[in-house]
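Which chain is which? They are A, B, C, D, E and F, in the order written, and residues in each are numbered from 1.
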Amino acid sequence: MTQKASKLVIVTEKVLLKKVAKIIDKAGATGYTVVAAGGKGSRGVRSSGQPSVNDTFTNVKFEILTPNRDMAVNISDEVAAQFFDDYSGIAYICDVMEVLHAHTF
Amino acid sequence: MTQKASKLVIVTEKVLLKKVAKIIDKAGATGYTVVAAGGKGSRGVRSSGQPSVNDTFTNVKFEILTPNRDMAVNISDEVAAQFFDDYSGIAYICDVMEVLHAHTF
Amino acid sequence: MTQKASKLVIVTEKVLLKKVAKIIDKAGATGYTVVAAGGKGSRGVRSSGQPSVNDTFTNVKFEILTPNRDMAVNISDEVAAQFFDDYSGIAYICDVMEVLHAHTF
Amino acid sequence: MRRKEVLMDFISDFLTKFVAQLQSPTLGFLIGGAVAAAVSSRLAIPDAIYKFIVFMLLIKVGLKGGIAIRESNITEILLPALFAVLTGILIVFIARHTLAKLPNIKVVDAIATGGLFGAVSGSTLAAGLAVLDAQGMEYEAWSAALYPFMDIPALVTAIVLASIYTSKQKKLAAENEYRSKQEFYGEQKEYGQQRITASGYPHEEQNHRVEIWPIIKDSLQGSALSALLLGLALGLLTRPESVYESFYEPLFRGLLSILMIVMGMEATARINELRKVAQWYAVYAFIAPLIHGFIAFGFGMIAHYATGFSAGGVVILAIIAASSSDISGPPTLRGGIPSANPSAYIGASTAVGTPVAIALGIPLFIGLGQAVMGG
Amino acid sequence: MRRKEVLMDFISDFLTKFVAQLQSPTLGFLIGGAVAAAVSSRLAIPDAIYKFIVFMLLIKVGLKGGIAIRESNITEILLPALFAVLTGILIVFIARHTLAKLPNIKVVDAIATGGLFGAVSGSTLAAGLAVLDAQGMEYEAWSAALYPFMDIPALVTAIVLASIYTSKQKKLAAENEYRSKQEFYGEQKEYGQQRITASGYPHEEQNHRVEIWPIIKDSLQGSALSALLLGLALGLLTRPESVYESFYEPLFRGLLSILMIVMGMEATARINELRKVAQWYAVYAFIAPLIHGFIAFGFGMIAHYATGFSAGGVVILAIIAASSSDISGPPTLRGGIPSANPSAYIGASTAVGTPVAIALGIPLFIGLGQAVMGG
Amino acid sequence: MRRKEVLMDFISDFLTKFVAQLQSPTLGFLIGGAVAAAVSSRLAIPDAIYKFIVFMLLIKVGLKGGIAIRESNITEILLPALFAVLTGILIVFIARHTLAKLPNIKVVDAIATGGLFGAVSGSTLAAGLAVLDAQGMEYEAWSAALYPFMDIPALVTAIVLASIYTSKQKKLAAENEYRSKQEFYGEQKEYGQQRITASGYPHEEQNHRVEIWPIIKDSLQGSALSALLLGLALGLLTRPESVYESFYEPLFRGLLSILMIVMGMEATARINELRKVAQWYAVYAFIAPLIHGFIAFGFGMIAHYATGFSAGGVVILAIIAASSSDISGPPTLRGGIPSANPSAYIGASTAVGTPVAIALGIPLFIGLGQAVMGG
């Protein structure tokens, strides 16, 4: 009833929200969760092309549960290849011990 | 001084915020953290009963550190039994290596 | 090309946002991600000194990927020593299996 | 002959009003918003602004009512209020016996939709009042206070009906399961397992009766109704005339025009949700507002002749009935009938019901009122 | 006889004003918000709107002051400003020597509370100015500029006092610990361990002096005071008359009425926090605004007779003193006196202090001013 | 002699206007915001309010234009619109051949900067219209509709130029890499590896042509242009006069004053980003708005003499050219020229370009227009 899974985390610029979501969908993941995030990384470039006054959250953080490591790596590679040359971003994998309840997984 | 723990993550609809919080409290967890989240899952039902223009975050994501796996599973089972028939949602467990600092844990 | 890492999570009051960020920078972390969060913990003190009507997210949650456990513990100790006497907060470490893509890590 | 003249007068009058209404800014802004969303414009009215506008409109409507009620004979409200209650309940039963019987329609979804269409939209009410004011058609100051008298009974009825239906179904299902366990084994099992993955284990049979008071409380506490009632109370108990005239009243029409843009955008955004459910929802959502309005109009006419309820008041009653709740209703139903699919009822209400009520309903009932009662 | 007449005049005048004030929309909206929150209404003014309203009110107050200061003799401000500073400091010392001595009251909490009550609420000030304007009571254009002269000294004094107290306590504790290490071993250890879990290890003894300039800077940079000062500067240095008269001035009273609803809701929401701390906070929060107002009123009277400070100006000084900071003060104190419990001081100020200042303080001091000085 | 008189008239006229403009509230609020941010004030206009103000200003400008266009001879727009298109394209080429040639400037960054300066700022346009109105200088109702005719061509040109440049570079790089593989081995490898860590593996050579229609669509769908176009359509097709006059028009100048504060704060906030890139961006951003304005002014003069384009219209054309996009342009460029550094172009535009356009450009071109054409 429960299931091992990988959790892929991708933090990147808000302008990429829809494009990353599309990649996740195409890779066959059953879903994803996304939150507004701020952050600081190597690029020192925080401009997302939006006025910044009062809008500190110019990043988004995706969390995608995938049934295996391979799907996570595929998504991550695709996102990185398409965007990480020009946009700031980071991607990493956590292990999820068990998916306890989900509508489809 | 540090301590092993389980981290239970529950993503579900915003309308359930208070009800899920109550279940967590009753289960004896020392606390929880909640963030506004958006997402896509199997249900394809995003209507949370709120006007959607400009409000992409109609989910909430709970993270609950529990001292052991059992408490996490209890909370998750209770939430799923009460709500996951009718509401969208997902629940999974991550291992936390160590709780470093907490007021009570 | 990928890399093991620790993920340090710190949840604390929003007023400390800049101060915690400074500590993270000084400790030599390559970056951090921060999201607005709400929560409940031992203190029962939710007043962050801001009007509360409609502002349920008075916490912030930092996630910091560090190349090793030591740096994470250093940051956590420093934050806890400076603030956790007077402010609510919690800090814990998760293992990240692999950092897949990052501009510098 | 007299009758024929009246009829022709009515038709010509009505058509004039109707065409004028189509050029009115209220409707124009609604369509503008719908078109903007349809061409994927990134035009956005921030959520905070949307909520604030709703608050401003409803507290203004409340203040006005409250101020005026001070001088009115409040007992006059009794009959119209009774009719509002009746209409609200009736609308749900109509949905239960028409929409729910159509093919591919889940009964709980139909009941919830009926509940939402019986409930009241503050925005539509505000739009109706603005048009009445613009046309100088008079109405009782307390007419806006009819809102809760239709809104709450409709939601309560829907939740109660759905609950009764669901428990019956569960009993039936329990018996059926016993009998048919063998037959559909393969398919059933898979489906069952998936549900178990999500919800853990089957519900224990909680044979709970529906409690009505919590539903009423929940409705009264909703943000839209709260704002209206707060305005009513402040208008009645304090002397807010100066701030009303210098602030709430002048901003009313402008804020309403912006709200219309938002509602147009919402309508387009929800069309997709509506497409995912049975086509009958679109048909129902198109026809129902007008039928509901006519029913209330009929009740209103009775009050008109019985107790002198004004023509404008009759129109308001009809508009309230034609409207379907867009702010407070949906979350109440999401909690009260959790098994109903929100895409069905919110889609039907927001994407079709509300635009129809505003674009067709308001001019229709105003034209009708003026032609019939010469308001 | 003359004296008796004056007294009777005063009392009758005062009672009239006071009762009228109770029916005023300002107070009505405050109570309305409090009641709405008390009955768990989901009525909500979005945070963005709340912040914007505060900005609009304070920049308006600033603009008005700035425009008028251009023509005033600015040296007149010296004495009232000095009295504002004195009042701000005095209020903190009063809390230190009354509230802090009461049972179950932590000294740092009491000092922080005194700081917040010495500091100034822009919303209360705006409400006071609105009532003065409505009653046609005249005041010096620069009176609103007294705000920072009371606000900053109060916060600085509180932080300095708390810091001195805390370092003394730490020294005492260090000595005591040495002496009593054996006695309370069991209980102490457990407590100690829990703290270590949270904070890692005991603070190194940082014997730092409190720096005052950062506190002043922090106050001046706060959003409320910034808006006021920006308005003052713009009013003084540019010619914003047209936009002031067409935009900021007409919206003032309406926006204030909405802010009152928010503050009423806040008050109810904070009552629970206040309940968790000692009862004495509620008592203090009820009495202190009036006492502080009377002190400032007294100082103001001196200026009235010495340099012709207007009756309206005296009332404003009293209202500023009676008010307790709700926007900028709390975060400054959270940073400056981190060991103080925010539930104590914010609860006391928002749940009781501000409603008392607005509902009782404003009419009281206006009535008093008119009765005593015939403003 | 006549010429000399005209020149002196011009200079004296111009200086008068210019000095008056420096005391105008529009500019004052801009500087006020910049100073507030510079002294680290925590003054904040919530994001929702900022977005709403932009919406209100642009829909108002659109409504006004739409209402007036109904009565105008729309063919008059042809020549000015053509000039707007030319100016937009020209500006990008100027950047390509001046800014891009300067030391330490990446070519794509320069092209993107040119695109942003060619594009149009709705806020600057609104500010310009407010000043023209205040001075009673008349202009064609459809002038604001010139916005997209300059905005879109500039963005399209920039994205196309950048794309052509990038593909050429890639080809060159491929050849170079082959030749110089040995020479820079050490340094190159390290750099290469780091990139691989981030982006996984080198792009496959996607030799795609730039598609222009998606860029145009993206611009038209942007929130600022959408609001303007929605307003135009509503003004043209419905009868929004009453709501325009009672709501949108009276709020215009006040909301603009708040927007100026925000833009001042933005400017200061972006200065730091600008510092990180080459100094030349600051120089360009200071000079370019005025040069672009003069170019458009020249074109406008041609239309003035050829088809009677009004003096006010010429000024608007110049202001549109002098402005640089602050809302819709940046995300379009972020998507269209992803390799360009946003800190360069947004910093240049927001921190220097926009303040220069508003503070110097608007009074300059109005003064010039009045002096030259006696508008």
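Simple rule for what comes next: contacts are C-beta pairs under 8 Å (C-beta built on N, C-alpha and C of every residue); 3 or more make two chains touch, one makes a residue touch a chain.
Note that the coordinates shown come from a computational prediction; the quantities given were computed from them, not determined experimentally.
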*Separation of chain F from chain B in steps, with touching chains one step apart*: 2
*From chain B, how many touching-chain steps at minimum until you land on chain D?*
1
*asked:* So, comparing C-alpha centroids, which chain is the farthest one from chain A?
replied: E
_Same-site or different-site touching of chain D by its copy chain E, using the half cut_ = different
*With chain centres defined as C-alpha means, what is the inter-centre distance between chain D and chain F in Å?*
44
*chain A and chain D, separation of their C-alpha mean positions in angstrom*: 39
*Using mean CA coordinates as chain centres, what's the chain A-chain C distance in Å?*
19
*Residues of chain D whose C-beta touches two or more other chains*: 44-49, 198-200, 251
_Residues touching two or more other chains, restricted to chain C: which are they?_
35-36, 76-77, 80, 84, 89, 94-95, 101-105
_Contact set on chain B toward chain A in their complex_ = 6, 8, 11, 35-43, 57, 59, 61, 69, 73, 76-77, 79-80, 84, 88-95
_chain F residues touching chain E - in the complex, by the definition given at the top_ = 23-25, 27-29, 32-33, 35-36, 39-49, 134, 250-251, 253-255, 257, 261
_Taking the touch rule as given, give the residues of chain B at its contact with chain C in the complex, in rising order._
5, 7, 21, 25, 30-36, 65, 94-105
*Of chain F, residues touching chain A in the complex*: 44-47, 50, 195, 198-201, 203, 262, 265-266, 269-270, 273, 276, 326-327, 330-331, 333-335, 338-339, 341-343, 346-347, 350
*In the complex, chain D residues that touch chain E*: 46-49, 51-52, 55, 220-223, 226-227, 230, 233-234, 237-240, 242-243, 246-248, 251
